[in-house]
Amino acid sequence: MSEPLVYLNSEFLPASQARLQIYDAGFVLGATVTEQTRTFDHRPYRLDDHLDRFFRALHYTSIDIGRSRSELVQFAHTLIENNAALIDPDDELGLIYFATPGEYRTYAPDPVRSAATFCVHTFVLPYEQWAGKLRCGAHLITPSIRHVPPQCIDPKMKYRSRMHFYLAEKEAQLVDTDASALLLDLDGNITETNAANFLMVARGTLMFPTARNTLPGISRMTVIELAAELGIPFVERDIQVFDAINADEVLLSSTPYCLMPVTRINGRTIADGRPGPIYRRLLDAWSRRVGLEIERQILDGATRRKVARDSHATS
Amino acid sequence: MSEPLVYLNSEFLPASQARLQIYDAGFVLGATVTEQTRTFDHRPYRLDDHLDRFFRALHYTSIDIGRSRSELVQFAHTLIENNAALIDPDDELGLIYFATPGEYRTYAPDPVRSAATFCVHTFVLPYEQWAGKLRCGAHLITPSIRHVPPQCIDPKMKYRSRMHFYLAEKEAQLVDTDASALLLDLDGNITETNAANFLMVARGTLMFPTARNTLPGISRMTVIELAAELGIPFVERDIQVFDAINADEVLLSSTPYCLMPVTRINGRTIADGRPGPIYRRLLDAWSRRVGLEIERQILDGATRRKVARDSHATS
Amino acid sequence: MSEPLVYLNSEFLPASQARLQIYDAGFVLGATVTEQTRTFDHRPYRLDDHLDRFFRALHYTSIDIGRSRSELVQFAHTLIENNAALIDPDDELGLIYFATPGEYRTYAPDPVRSAATFCVHTFVLPYEQWAGKLRCGAHLITPSIRHVPPQCIDPKMKYRSRMHFYLAEKEAQLVDTDASALLLDLDGNITETNAANFLMVARGTLMFPTARNTLPGISRMTVIELAAELGIPFVERDIQVFDAINADEVLLSSTPYCLMPVTRINGRTIADGRPGPIYRRLLDAWSRRVGLEIERQILDGATRRKVARDSHATS
Amino acid sequence: MSEPLVYLNSEFLPASQARLQIYDAGFVLGATVTEQTRTFDHRPYRLDDHLDRFFRALHYTSIDIGRSRSELVQFAHTLIENNAALIDPDDELGLIYFATPGEYRTYAPDPVRSAATFCVHTFVLPYEQWAGKLRCGAHLITPSIRHVPPQCIDPKMKYRSRMHFYLAEKEAQLVDTDASALLLDLDGNITETNAANFLMVARGTLMFPTARNTLPGISRMTVIELAAELGIPFVERDIQVFDAINADEVLLSSTPYCLMPVTRINGRTIADGRPGPIYRRLLDAWSRRVGLEIERQILDGATRRKVARDSHATS
Amino acid sequence: MSEPLVYLNSEFLPASQARLQIYDAGFVLGATVTEQTRTFDHRPYRLDDHLDRFFRALHYTSIDIGRSRSELVQFAHTLIENNAALIDPDDELGLIYFATPGEYRTYAPDPVRSAATFCVHTFVLPYEQWAGKLRCGAHLITPSIRHVPPQCIDPKMKYRSRMHFYLAEKEAQLVDTDASALLLDLDGNITETNAANFLMVARGTLMFPTARNTLPGISRMTVIELAAELGIPFVERDIQVFDAINADEVLLSSTPYCLMPVTRINGRTIADGRPGPIYRRLLDAWSRRVGLEIERQILDGATRRKVARDSHATS
Amino acid sequence: MSEPLVYLNSEFLPASQARLQIYDAGFVLGATVTEQTRTFDHRPYRLDDHLDRFFRALHYTSIDIGRSRSELVQFAHTLIENNAALIDPDDELGLIYFATPGEYRTYAPDPVRSAATFCVHTFVLPYEQWAGKLRCGAHLITPSIRHVPPQCIDPKMKYRSRMHFYLAEKEAQLVDTDASALLLDLDGNITETNAANFLMVARGTLMFPTARNTLPGISRMTVIELAAELGIPFVERDIQVFDAINADEVLLSSTPYCLMPVTRINGRTIADGRPGPIYRRLLDAWSRRVGLEIERQILDGATRRKVARDSHATS
């Protein structure tokens, strides 16, 4: 069977050949900026917004990938067209862009610093990782590790120096191997998980942590637009764990799965412990917007794969 | 001509084949721990101390490389034996270990999380990057970007989520393209540069920033031992820029080049602007310890390479 | 004469018999959550809102009092009915709920941890403590002791680990024995006094410290509703001492006395040094809402008691 | 059977009658200072040092208990003499002093503020709570809740506004119901658990957190004296979780049980996971000092009680 | 030629005689509060707003200048009338008020503390310092020195203890001798430059740092009013360097020059690197409001002076 | 009678003519660095150490006074010789150096930035300000205003941007008009007063705040030397108010009066409320070192002046 394509440093390669030098600065320093979108029905979602954010990160870090915005759009279309043909029609692709400053000068065999590393690749959305949590709600744990503050690395840039996320996840999984870490900032305010924006509902209002502490998620932006359409007010403010534990609903928003209900934080149940009505309304509106049942696709897809794996295992 | 060897995930490979998956967690999260030593006369320096520090980082991060300490020593000897044969007798090797948690689960094509990534490789010490600064002293700039605090990622672990180092260097190079960034902590204390420990001499005493804020460098440990032998007292304390600018000498210690004098900070001259006597005494003692003239080797090596490059360019 | 009743751990008792074990965790750790309302004409004010806040604190602390909300309402009515009969018709009752995790395991004679401690009791509003300040305005002092930050104990929960309030009051009383402490947070923002929310008026707008740093007072909520009715805009923001000293009016809101004007801060006079017009408008609107003259009741009550005390002293 | 005595507010009472007003400021504000010692062979240990610390707290808080130091010594002897007669000869007593500012003025029925509350009482050391951990080592978890900083309430005073300890324990017990919380300060340094000082051994040296962040424990002082006798060097410094996880040994010191080995922190094993040699040496020296086998007494006592309980249960 | 007048401590003096004691507290402690406005067509701009702010600072610092508000207005008019007669009709005056507590007691020869020092003086607006930046945009650098936090000295008061501004400027000028320092607060938020408020435009909205961290500039207030007239929305929020570098426009507002475009921050270009449309619209509206072309006056004036200087130099 | 001389900007002037431009940067920005010593028997004390510190501040701030160290020594001798002749033989002189960057460019009439301002002057030590406190001990108050942190302005430089000192004094004087402010740092550690270093004695050891937070006083250095001679151990550490209130002795050290006992902090008495034995021993040793009775000179001098003033008043 054919392999998916990857765009890496000016060429399209089969995925198995898309590999990085061990002395790439992205690996040596974690100095990587990245962007991620996904497809709905094999069409990329809000690619423009994602590329805006990517170019802001490139400008801030002075990484020059030497490619225009329209080229980046074109690479996406080429990869999706090719790679979507290799998957089940009910599967979807995640699409990743990343860039690094290139070779780390001290380790590189050639003392002239090379050009930036730039890559576009895809992955199949892992429905099976989400299905259980969509049904019952996720469990979040606040670890003792704090989020890196903006005066060190600004979280408004999607970057990959995330050792603190890795360490925070380890702590969360001490409590519950299915739990995710919800990182606090240095003042104890809620920020984000390692892969999602945090939002909550209290007294009918959607509340988000401030822009200071979190990635300005495109899914979060979608939620804000949908909330506006549905007449649900929203505010940005500093949120503490006490607020979240007493919220009416808590949600995560993230590009690959869109929205996920949270039903426990630090072992305490949120409201009645079940996915709530605002979650449903937002997800339904989102499904209408993209023309497919988002949760249904994930749940069915997870089942389909499980059947396939089980039949494979017993065959 | 033959290529250097690299040990990667259970095999020895030619360097050009030692490449990483684009979805390795070391790349996706920067969740890499590392260690670095160098050779003197093609023998590794304080390998035991470096491996101690590496195993502390592995224990803290719960990354299980599945290899014993004696295997790690063996890998070093194999690589040095092979790779040193490819270089000039007056060149030396840097030796790098690194480990990551392995594939990042969400992006990886196979949903089973793989084993840790583990690699050992070498590089030729880049004398030409240091020669000028050894002669005249380095210039340090304190950027507005602050070092990541220990409650986010502990600097006592040699890790590779270093976007802040990359950003800090960019700021320093606005002032002087040869300058290095000297990062302050969130309270304004001096910590370290992106590749070296900071030390200074005032009133005859060596002073280091506290262990809280910096990597416990093995070169720093060598300096402390040499200072004890030479009867130079030393202390650890919080140091501010005011102290450094008014110091009698400022030095950097780092595995690849051992010691480097600093003669300017933020454009102000340190003392008389020339490498000082404590620098000389420490470096001489170090040279005696390893049985070769450290600075001489670097300066001569840099000249030798320049000659080679120039003759190559004109040929 | 008959004693007031107290509800304590499943029984109604005469007040003099309502006592706590010296090894109650509320006493050993200060691990107590509490709620307080008052009566107007011997009817409890906003009992629902107070119970909402009480249940949020119980949920956050995982203290299970084993009683339903309707039982708590019933206890309030029983106590008020009984205890109001013992006081002057122009006096009013404060009503306190509190709960603790029960016996502190290490000290308790029986190694099985007991159930939560839960109590409801009343007290007679001490008009004489407020009368002078209602007439002339209170004096606030910012002590050097800072408020406990939310990442240690969240002030949105009404709790009783308040040694810092006690210490802050001691400092304030060095300046003026009638002054109250206005605590600053770790960044120097105004938070609250030990018994009241802080609010100020500048350029016609009511301003409150943010929810992050203060108890979300029910009286504060009443003020916000009254301000909306009266067309007075209000905002939440970080407020510093400089703002307060230059405000047009400064007020305290608190359950027992509703509103109190502040006419001095750190020895500086606020505006013309007299209770201001917004104070009057808010208090008049509040009086209309509850059907009695709030300030009048306090001032007259304080005089009545003084007459009674004096006649008692001379008889 | 006879009851233990308690000294409370000028009288000796049977324990069951020693109860506090619900409006005692120690309960309403947590404004309580306290002291705790224990007996060895029914003689109080370092009573003088404990009373020194108690009087420092009383001076700082301006709580005047109206009793002299020699009276406090006398109360201890009276209580121990009486209460030790009621327990097994192999049991020991904990001895508690506490004081509060007295009645909280607003709630008290009588508007004249009463004198300070002052109490001395005993409890039987709960061997059974410690036996398992002495054998296998305790497990510590760093919660997301941070310790209250000294500029709010100074931890050098033994006080009882400890809601943060209660909340931190709840978090630790999510991971392991037998674990204890090890609180970090606002900068991420290790402080103390809710009932013990933290100490660790690295490279042969005992290390403690600084005095800034922790109670100056009398047991900690004993450890320092014993270490001096045994020739074990010790230092005070800021310690982070990374250090502790990579320590050679970690210990807790606390008045009731003296010393306890820690063998896990955040799920990672400390050294070989067993109580270590420095623990043994220190505890042996301590046992010699007090003339009884401290660990033996606890382990045997716990077994004795279990036998008694079981026989009682089956009788 | 006649000299400008200065009002100093109750008298009008020729400028050359307006000098301060070396032991004035404004000099010994930097304990000076000040205010500054400018003229348009030789009429003072928003004098009332500036005096309001001046009296807030005087009230906060308890400096009593012993002069009424109407006297301060009168002094301004007297100075402008007199001093404007001495300048080119196309030049304008800056007008400065300042006050100090008077003589510093310890150094003063007479042990009785004198009255406050109070002064009003003018200066000619230095068009030539601004012309180049108005044409091409200013360059801002974020130094490692942080702004003094409000809990030390509140920036809402215009005060003169600005050593940090001086040090920050030195750092900025290391990069570019024409650059200005943009100070960050202790959390890394943008505050202000040493002489101007910072504002930026993103997605059509004007954004300012919050009142907490900056002087509430009167020019900033003018911008807000003009924005409201032009239908440009504005918000106050915490702004980080990442935001500024990716803004559509960045501006400075300051009393003497009104508005200045910023086209580079830390070496990165803002948008297309040229003064932007919102700058133009705001400045045009401001010019209409004051009845003269603000930028034109400055550019022409700078040219006129250069011609005069050059002709003087060659004559 | 003749006037004292002042050295100002290259000339010696009578004091009454030594005045500063109102647009000197030292006045406009508080950008002044300074140094202060005093005479004993009309000879300057430790002038070398003071000049060392002065040149460190000049180097850090890049202020170039254009004068050599030997010239500065000469200026001191000239001023003392001249000015001491004008005072009582039992009076002594304070000697002040200060420097500023010169004229503030924007306000100055001439657009060319002038040279640095540099001045040396004297004052008569004001014995009468200290006599009462030497006898009975000073009272220190910790204000809510915090000391400016080193990352804004480093306190190791003697600078004059001290509005926070002025504001802190105002707060302290609310409690007691004779009290001085003892400023805390942002973490609540004790730093210094506006004119003195803080030191305390506990368990026989002298303790100072760390160098991070305070001026490295020359008097403090004298105390350390004297303590070494007397066999009194000393340490630098973070000190909190709790420590100070429970100290055995608290002292201030400052150039003009050398040492002052502190007998109250925040209204609490230190030890027995009287100047203590370590104060006496240190001051006696200091008196021996300088060959005159320091305290006696001050007390007698204060009496002498009072007599003179009284006789003048009644004549």
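By letter and in written order, the chains are A, B, C, D, E and F; residue numbering begins at 1 in each of them.
Criterion: a residue touches a chain if its C-beta (ideal position, glycine included) is under 8 Å from a C-beta of that chain, and two chains touch if they have at least 3 such contacts.
For clarity, every value in this text was computed on a predicted model and none was experimentally measured.
Any chain bridging subunit C and subunit D, meaning touching each of them, is among A, F; the list is complete.
Subunit A and subunit D touch with mostly matching residues; of the residue numbers seen at this interface, over half occur in both copies. Each chain's centre was taken as the mean of its CA atoms, and the one lying most distant from subunit B is C. One finds 45 Å separating the Cα centroids of subunit B and subunit F. Centre to centre, using the average C-alpha position, subunit D and subunit E are separated by 58 Å. Listed for subunit D are residues 62, 144, 146, 149, 151-152, 170, 184, 186, 188, 241, each touching two or more other chains. Across the whole structure, chains are in contact as follows: A-B, A-C, A-D, A-E, B-D, B-E, B-F, C-D, C-E, C-F, D-F, E-F. For subunit F in complex with subunit C, the touching residues are 141-144, 146, 170-171, 174-175, 184, 186, 188, 241, 266-267. Of all the residues in subunit B, the ones that touch subunit F in their complex are 184, 187-189, 237-238, 240-243, 245-246, 268. Against subunit B, the residues of subunit A that register as touching in their complex are 6, 8, 15, 18-32, 61-62, 94, 96, 98, 101, 105-109, 111, 119, 121, 123-124, 126, 128-129, 144-149, 151-153, 159-167, 170, 186, 195, 256. On the subunit B side of its complex with subunit D, the touching residues are 56, 59-60, 62, 149-152, 154, 156-157, 210-212.
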